[in-house]
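Per-chain residue numbering starts at 1, and chain names A, B, C and D are given in the order in which the chains are listed.
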């Protein structure tokens, strides 16, 4: 399945020179192939690039002068979601977890998994281990939390979300990650372009490290159920939202609202319209 | 200057098989040369090793069966502390920070630098930038906090420490790291064997990324002033204490109190005794 | 039903003169009659007394000199628990709540009911209003929290308890009070001598303001289910634990462990022994 | 000195009948004499009144039907501020504090004084006791915090304010109260009409219980320094802001922005205009 993704970002720089770090480009990873892409900066600035070795995040930095900056990214990405029999996917015991995966058991700024131990143990500790347990965590979050735009801010963490029982995609994912880590399942945060997400925006989901028939791998989950599971184009992965901000400006900068688009190229127009209509009706 | 470091760790495993991850071995890095070392496990278990590429932390895992486990590490390490003229060490602007260093500007579990922005700005925002500003941060912490054993626990974060104004080395370092990050200075947590620390134990200090005459580098600071600055043998570096635990056991395990030793090999015995006496008197 | 209650408290004063405020005497209130009582201080100090008009709490202050202080209180109290048909007890709408009861809708130090609004609404908002809803709150707490001695301290609040899902009687009551207030039900904290509590100690329960056939009244609930509901001799009521500490010492004081006793005078010895045995077995 | 105070409050009730509790009327207390007053409700609803015995707060409740509700209060109040020689005002030791004043030593929802013990001890513990120490606390708050409209919300407590180092009058007062209580000085929250406050609004200040030549009394402090100290007409006093909300609506209600006015009747017009001009310039 091929998707065309795009984002338009606009900024106003109010000092001599402000550095920006962006993380908006689709990852190149197994199951996700970037067929074409273009990055357009206006003014036409030089980019400095850095791909995180352990995660594949594609960061770039630009130094913008006083005035306007606009950034447009467009790509066509092919997703090959694996057919998956959940019954065959188990949790991997700590004895066999790859050592480089283990940091994803640690608490992080927005995921205080150390504080969630008892809660997670009481809600999910007795469930059969495996893919189904992470599904149960996501179901619990979907059923017990309200998705409420504007109910959280950049300081909100999993602990707050569990108490307030409301949040947005970022908060839902932080809490799911927290429950997983508290139970000994490595988990991480994923930013993505998400097909059928309405209104369109950058989306946040999460991955848990589990063990399928072919070995350990990161499996994707969306506790918000707001996007099509097979239509997620991953941008950045990290311990939590802090690590995968789509834009980190430094200095006196005014940010416009980002515009994000995603389109399925292999579905006929009618199917797309239907989906769109359904989604709008449901929202 | 050469130091002989050692630690003895004892555990009692109360289930079939418990995995342990250790991070107790001295780093091999510029300015710190491991001349000899030995690791003794009893029973004699196989170790699986992992060196974090970005930090040089040397983790190893063992799978221990029910019963006792003891781990002894000994090493002779040569430190070549650089002569440093603080006046020549500046802060590096975000425009030039290496992209792989920038994650150390992010908040982490025990360092909520996002919550410390106003505090840091008001206390340190007006100070001249550079090495001296990090010194000022450490001095403030030393002067405003009590070093009180037992006043914090494994959930205590920089936010708590600032409020409670007491803590141990780990808390002092978290707060110093938080102030640095809030001011735009990348900073990270360092665990170490520390000469003259009394009573001997694993120590926690911090590093800030600054720019000397030869370029950007991690500079070491000890806001507790409890150890000799030129006698710190680094073990692990990370975003905060979560990442560099000397031991992470998984399963039903009882931990004994670690025994840590460090000895300066190039100072005559009398000097050492004097130091010991002075330290004991001061404690 | 008559109960004999007693407590023995011991202190060591390490300065010239330390004031103590105690709140250990049984309340005199409707349904609870103090038949006899004695207070013995050693040394034999003068007491200054204050009964809070709105709550009936009986505070007394003594000024103790350097050395030992021991306080013994003994009383025989008759309880006349009302027969109650829960189906007839409703919640009282804000329009009719007595104005002097309304402060018990406010958040307090250990009961951040303002932060529990969404949580309480989602768990209990849909339930039929009345006595049964407060029972449902207590059941939820009993079922979702572990009663774990030592799992909380004097800073633990309802918010923490909800997250940690464990606590002691004080924490269970704070959380129940918080859920009630969040739903518009006035609620307050009660300290008590509690028959069948094992091991014997001061107990903490809570009261909710509801409306029975004879009008508004404070109804008692014990979310821990650890004591006999008809064997609670009330000592102090207040917004939360802060207000009804059994002892508030000021100055350099060392506190011994309090000894608390309660005995039912109208049950034959065998019944008592059975109860004791059952309780011990269950603990 | 006589002041004319007034407030206009507007609400829109969106259900059958909503109860409101107001606390907007000037207290009648020593040093503050209400010479005239009028309360106008539209529609003309019945009020139910309650004066808190221990504080003198004048609450009234109205039951408003669907539609608009407007409340206007006007009063002429005479203030007789006492001449005060700060040097003669001491702190009162716990041994002599009136027992009914002691609850104001307890932590409350927005004043976690239990968490501020070490902080207060380190900053203010060494200062000479007395009126001057409370002044020192207020000065510290004035000097270390930014007064920033919109920087806090209804959940912000003293702990948060100390960390964020910004807030509004309510936050400044909570923190001052917290430091006082942590040092053993009873302290409480005061809402007031405040002359020269700009822009005009309900103001929040605090009182500490100290001991002047004529005995114990509540002394007023304004850590914001935003109003004229001799022009404060007190409305409500309580443990913290929770207790003295000027309006507590229950039900589906939309609130307009309150309009508050205060005018000094004994100063000539020119003086008033000058003051106004000065205040505007300083803001």
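General remarks:
By definition in this document, a contact is a pair of C-beta atoms (placed from the backbone, for glycine too) under 8 Å apart; a residue touches a chain by one contact, two chains touch by 3 or more.
Being a predicted model, the structure only gives us computed values, none of them experimental.
Touch-path distance (fewest steps) from subunit B to subunit C is 2. Path length between subunit B and subunit D in the touching-chain graph (shortest route): 1.
Per the C-alpha superposition, subunit C sits rotated 180 degrees relative to subunit D, a value rounded to a multiple of 5. Separating the CA-averaged centres of subunit A and subunit B is a span of 32 Å. Between subunit A and subunit C, the centres computed from C-alpha atoms are 47 Å apart. Multi-chain contact residues, meaning those touching two or more other chains, occur in subunit C at positions 115.
Pairs of chains that satisfy the touch definition comprise A-B, A-C, B-D, C-D. Listed in rising order, the residues of subunit A touching subunit C in the complex are 115-116, 118-119, 122, 144, 146, 159, 162-166.
By the touch criterion stated above, subunit C contacts subunit D in their complex at residues 17, 19, 21, 48, 50, 52-54, 59, 61, 63, 93-95, 99-100, 102-103, 106-109, 111-112, 114-115, 154-155, 184, 242-243, 248, 250-251.
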